[in-house]
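Here it is, the structure, as structure tokens.
We just call them A, B, C, D and E in the order they show up, numbering each chain from 1.
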């Protein structure tokens, strides 16, 4: 547990928590502009959150602790990921947790608790949302893990810090076919995991097309705020992960203030850029039918498998 | 001397007693007493033989060695089981109007004679006498099979006598041919004395002995229920009264096989191990195949047990074909274990028939179903008996089947043994399936159901539980019996 | 008795055995079959008698007498009694294999018996017993024909005769090879055969009681 | 894709410039929401005219979203209900329940004449009354149907932007 | 007297005495006596197992037992692990059984006598040191479990059917093991394991391969591995629940034990293709098992199918260990085997918990069908908590129990790509990614499955009156679940308590000196740069939750929480029929895997009598048949049935025919004898 790690462990979560609503704001704004609208401004998600925290809490009758605890767990898992993953610093505050599998599993844990909360309400929509969410999760998991496999094979470790450092020291690796294939696979996975188009439409009002939204229909006030915050954080975390796995430059490998500042800025720029690209991309896409989604995920799985094959045969 | 003659004389006296006094409450237990005596003398003989080697009596006509002693124990043990259950069985038959006191008397007389004939068969020193005794069992049991005098019983009796007599006639021919070979042996005439034949086997002319051995194995194989002349067995065993079925299936088959074992020693000496091995292995596999084929779609539980006897004799034949001390010891253990288990099962099946009135295995149309709910002890004994029969530990059939299989693979008969094991697997599956249909599930209501809720008579219960316990004990440890087993196996191997 | 006469008489007796066996196969009236069977018993007894004279054995002579009583007297008597109670059914209904084919089969069986008994014949030492040994195949043929009768004849009584034919053949083989297998065994075997026939006779009667007829193809209640 | 890109570039911004803020004095509740108002729309028996206009108000031209208003899928997520049409008998209870479902602080906007006073349906046998007869109304927007500008103006009173 | 001797002897004595006691004591106290005795038996087993794992060992020869073969027992470290696991499961199941049997009418002598004996038989299997002993223990285990499976035959007709399936399949497996081992014994001096070990070194590759493949079939069937799995989802659920737990958590393990014992120990490792076969079987079973579970709506059946999945994962580990060992990477082989063995332990812990909880549900509601459950958290909170814990463990999510073992497994697989050109490189390069993918797909589907099981079964609203009236189970059952739960938690947070020992065991099994896994709080792997601390992960998670709660306290407005109606779109009260059921929950997945599972769907629309335009009822039925069963078992069964029908022609009743068999045979044999003189 180095000083660098501790600094990272403090800076990263703060950055993620503060920045992720802004990221969502940016993405919405980009979309609005591309659609010819004016948009509510980058700060709107923060305004929404502030308002939600000020509102009344509601416990729907017949729900249990699972329903109330789920938002907390959702945020907590993402927070742990934000602490341990090398976003700003290459070292991790809690190194034995900074494992790629652990991180993936933690994020899945968050999704699971939310799905359980959706089932806990006993409404048709809650069940529908969690059923769909779990289906997608089940299909995303193999791609995610195989992509990780592809990335970690050349490093010989699944420790995130090790992977990032290795890429940092050997930049040529980034332009290898392994990275390319794995990156494409991961992008698709991230789109699915964060509930973006074409897998899920985050701004839909139509219940039949909902996935994520359907699960959280019963949440109100601060609980909803936590859910929204968490989903924004998950988006940032995934984008940050993507950025640092493939383009780790700028990340702080020493505990000096300059390096840290550079690290923070680099992260903001990288994640912001990815967010903008993602939002812009969404304008061109329509939502896929739910049962076309597996095709997409199968494609990404194939890519990740090819990445592994490439990492062995083209090494 | 006395111990040697006792197993024959005691039942004959018992038979005389029944002829004189008839079957009644006071004499009902005489047959059990005679079985106890047979068993006791058998054990005494075994101890004696183990201590001081083979003995002969009546001018060398009777001879007892470890194998004979062991077979006597088998006869005594199964006879004890059967005779303990007999009084209750006969009483129930009389109550149900299927028999009279006269029938019971005749039954008891014939069973005693049956025991005497079997004892004679294993004690005889002369192959011809063995033949006579075994044919005598056919004659004695013919009326036992036909006891009920129904169409089916008469039919079964006819088939039994005709097929067995025809089959065993081949054995007589074989005996005569063997006698011929012996009379032409270079060292001087040997005669039909088993020990002498075994000792001088290498002197026998191989061409003639081949014919003799084939005929003997086919002939005694008929009586042992081996394919191809097996077909009398399911009919006879399913029609005979339960205690008789128990005796026939449990010991009579083995006694006939005992003759084959004796013949095999001679054949091995005269022809090398390959000849008898091939013949027995072919018959074993054929028997297993027949048993499996006919068990698959079986609808009658007594016939099911009968086919299972064919299967077990097939296994025994396989063991004999494999040869060697381990396989032969396993064969003998298997004979005893099968006798006990099958005895229990036939007694149980007889009781099921008495309480349900049908011998059909339960299906949608009726038959015996859900027995465990109405008659838990009976169903439990039958269920456990079937488990014993399919060779599950702790019952001795597991140990013996394991022994046979081990010896089979070690003797280079891997493929045959594997094929046999697979057939045994199929048979086990079928047995379990049929039995579970009879025993498990909710009992049906309405006609054909096990309506009589009479309790199991305690002697029957003792016989069932005792037989199973004996079988299980043997499977856990053969104790003093194991030295007898090895001794007996050595008499079969040592001649080579 | 000189050797030639012995051989002639022996062959005559054996010829009688074979002929009667074929006749049993040929004829369909049960009464005739029983007669033929009695003749065969006599032929068998003659065969033993010839051997007894040839060997000057009184014991064998006694046996011959016993054979005559049993096989030409007692057994045919029993058969006749069984037939008498049989009532109408006095003819063998259509056998499973027709008569012509049966006779052809008998020829084939004879050839088989000769082929099979070659080792037996070869084992015989030149000299005393050799002519008898030469006749072994005939005994074997009778056994096989008896078995064939057993397999193809529908009447209970014909089956009984088939069984006895087998037995006669076996006895013949026994005497032709070694002049018997010892007195006790011989007695035992004869007793067994007698009892078996008795049992079968009683069963035939019972069958008639329960089935009304003795066509064995009626006996199909026990099947799978 | 390129075609779409070109179209986006050619079209540019279609949202009309924002008119001056109509907000004079925000209610205490509206102030508490702080510029973020999530709206659940309830059709209590409307002829769908108002729905068309609400749709346009949230379309690119009027772009009500830029003032911090957003339509949501569940009353649990909402701060305000936008109710259209006269409240029919069958919708009276659902409307009440929807109002119940919204976490406080909450607002109700009655859009259109029908919602304000039942319009032409007043006195019809299936009509239970105006929105205010069922749930408390904070803002009323007149018109049959009201123009999108009016709707946007009404919403801006809630968001205060 | 060593710990092992005391433990094993104690277990044997306690088990047999308990069985005897169960015969004599009155019904009133029988459950308690049998349960307590089983606990003692299990405890002694744990003692023996732990003793063996920590270095002491035991060898006993009892030639007087088992005629013709003799019994010899040796408990070494590898066997000790399995003995300890079985003992542990028995303790929990024993306590649980005290109440469960009494309340389910299972306190008749049969079950109570057989149950402790079953435990004893299972404890003895890994201690066997000769083929005879091994087989007799193996079959005793099968026999007792069979008797227990059919215990409730009077109540449900499926039980008898399950019993039949079980009996046949287990016997099939036994015959396979028997044939395989006997072929092996035929090449050895005698049937003791040391002799086999000696013979294994000189066995020809063909013979060794035959032995391995044939025994693999037997062991795989015991472990519920495809395609011999068909009995498992039938038999495990139909047994009384504490027996289900024992079967699913403990009785499948001997399959793994046998594989490791025969493959690594006795045959000495073998060749690459063996282990690729094992790997493939494991991967296919894992995916197929969990897919079936994902479609399943029967709670206990689902758990049974999940056993197939978990055993598949274990086999992936074992197979990978073999692949690594045969290609020379012994260290990594140690890691893979340690992963497999740890998963065995973990699976035992959480599957016990899950089955006991499922039994508790059965006790509280009388229902097993998820579509009829729901809302149990209100009536049976402890059971809900237990099942939730188990479900978390089974989904392999942190901080669950299986997470660590699956992490280890993935570590081994990921590092399994050898340098290009190494021996077996290409095969490994193809196998490993596919294995990772299979494991990952399994993990994902497991998550969906257990979310379904827990979410549909325990959360939401009751879907039937029975579920609505659910009541909590009596204390003994709760204690049983509690014990299993504690084991789950300990294994989840501190796998390092057992991992070094497991590493040592796997090292010994593979013949490697160093333990593959070490670490006190953090799991560290030998030769691989991987580390994980489940404890720290959990603490971090807890800290984060506390932090968030605190932050929300600070930020959020002080408003009272208000209870409100569920949002039902303003319409009438939401009824349980509107809820998502287990069937509907699985529907999307079922569609995705349409081609694999081939569901059979049937929609029946009943029209109104007066008019076709009015629908009276719509009935939807869905059945997800086991496709392997359809393709593999049904043709075999049909063939056997045809054989049976054809066979009946052998016995037509005609005496002429019967005599003919003899006559023709006689003629044929005589001809043969004449010709071949």
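Some notes on this structure:
Just so we're on the same page, a residue touches a chain if its C-beta (ideal position, glycine included) is under 8 Å from a C-beta of that chain, and two chains touch if they have at least 3 such contacts.
Everything quoted here is computed from the prediction, not taken from an experiment.
Steps from chain A to chain D, taking the shortest chain of touch contacts, total 1.
For chain B, the chain with the farthest CA centroid is D.
Comparing chain pairs B-E and A-E, the larger number of C-beta contacts belongs to A-E. Distance between Cα centroids is largest for the pairing of chain E with C.
Look at where the CA atoms of chain A average out and do the same for chain C: the two points lie 99 Å apart.
Centroid to centroid, with C-alpha atoms defining each point, chain B and chain D lie 95 Å apart. For the pair chain A and chain B, the distance between C-alpha centroids works out to 76 Å. Averaged C-alpha coordinates give centres for chain B and chain C that are 31 Å from one another.
With touch defined as above, residues shared between interfaces to two or more other chains in chain A number as follows: 54-58, 217-218, 221. Counting partner chains per residue, chain E shows two or more touched chains at residues 559, 562, 564-565, 567-568, 647-648, 650-651, 655, 659, 662, 666, 670, 673, 677. Shared contact sites, meaning residues of chain B that touch two or more other chains, fall at 158-159, 162, 166, 207, 210-211, 234, 294, 297.
Chains that are in contact with each other form these pairs: A-D, A-E, B-C, B-E, C-E, D-E. Against chain E, in their complex, chain C makes its touches with residues 96, 109, 112, 115-116, 118-119, 144, 147-148, 150-152, 154, 159, 216-217, 219-224. Against chain E, the residues of chain D that register as touching in their complex are 42, 74-76, 91, 93-95, 97-98, 100-101, 103-104.
By the touch rule above, chain B contacts chain C in their complex via residues 61, 126, 128-129, 131-132, 135-136, 138-139, 142-143, 146, 149-152, 154-159, 161-162, 165-166, 169, 172-173, 175-177, 179-181, 183-184, 191-192, 205, 207-208, 210-211, 234-235, 238-239, 294, 297-299, 303.
Considering their complex, residues 53-64, 66, 72-73, 75-77, 79-80, 83-84, 94-97, 99, 101-102, 105-106, 108-109, 112, 115-116, 118-124, 126-128, 130-132, 134-135, 137-146, 148-149, 152-153, 156-159, 162, 217-218, 221-222, 225-226, 290-291, 294, 301, 305, 308-309, 311-313, 315 of chain A touch chain E.
Residues 647-648, 650-656, 659-660, 662-663, 666-667, 670-671, 673-674, 677 of chain E are the ones that touch chain C when the two sit in their complex.
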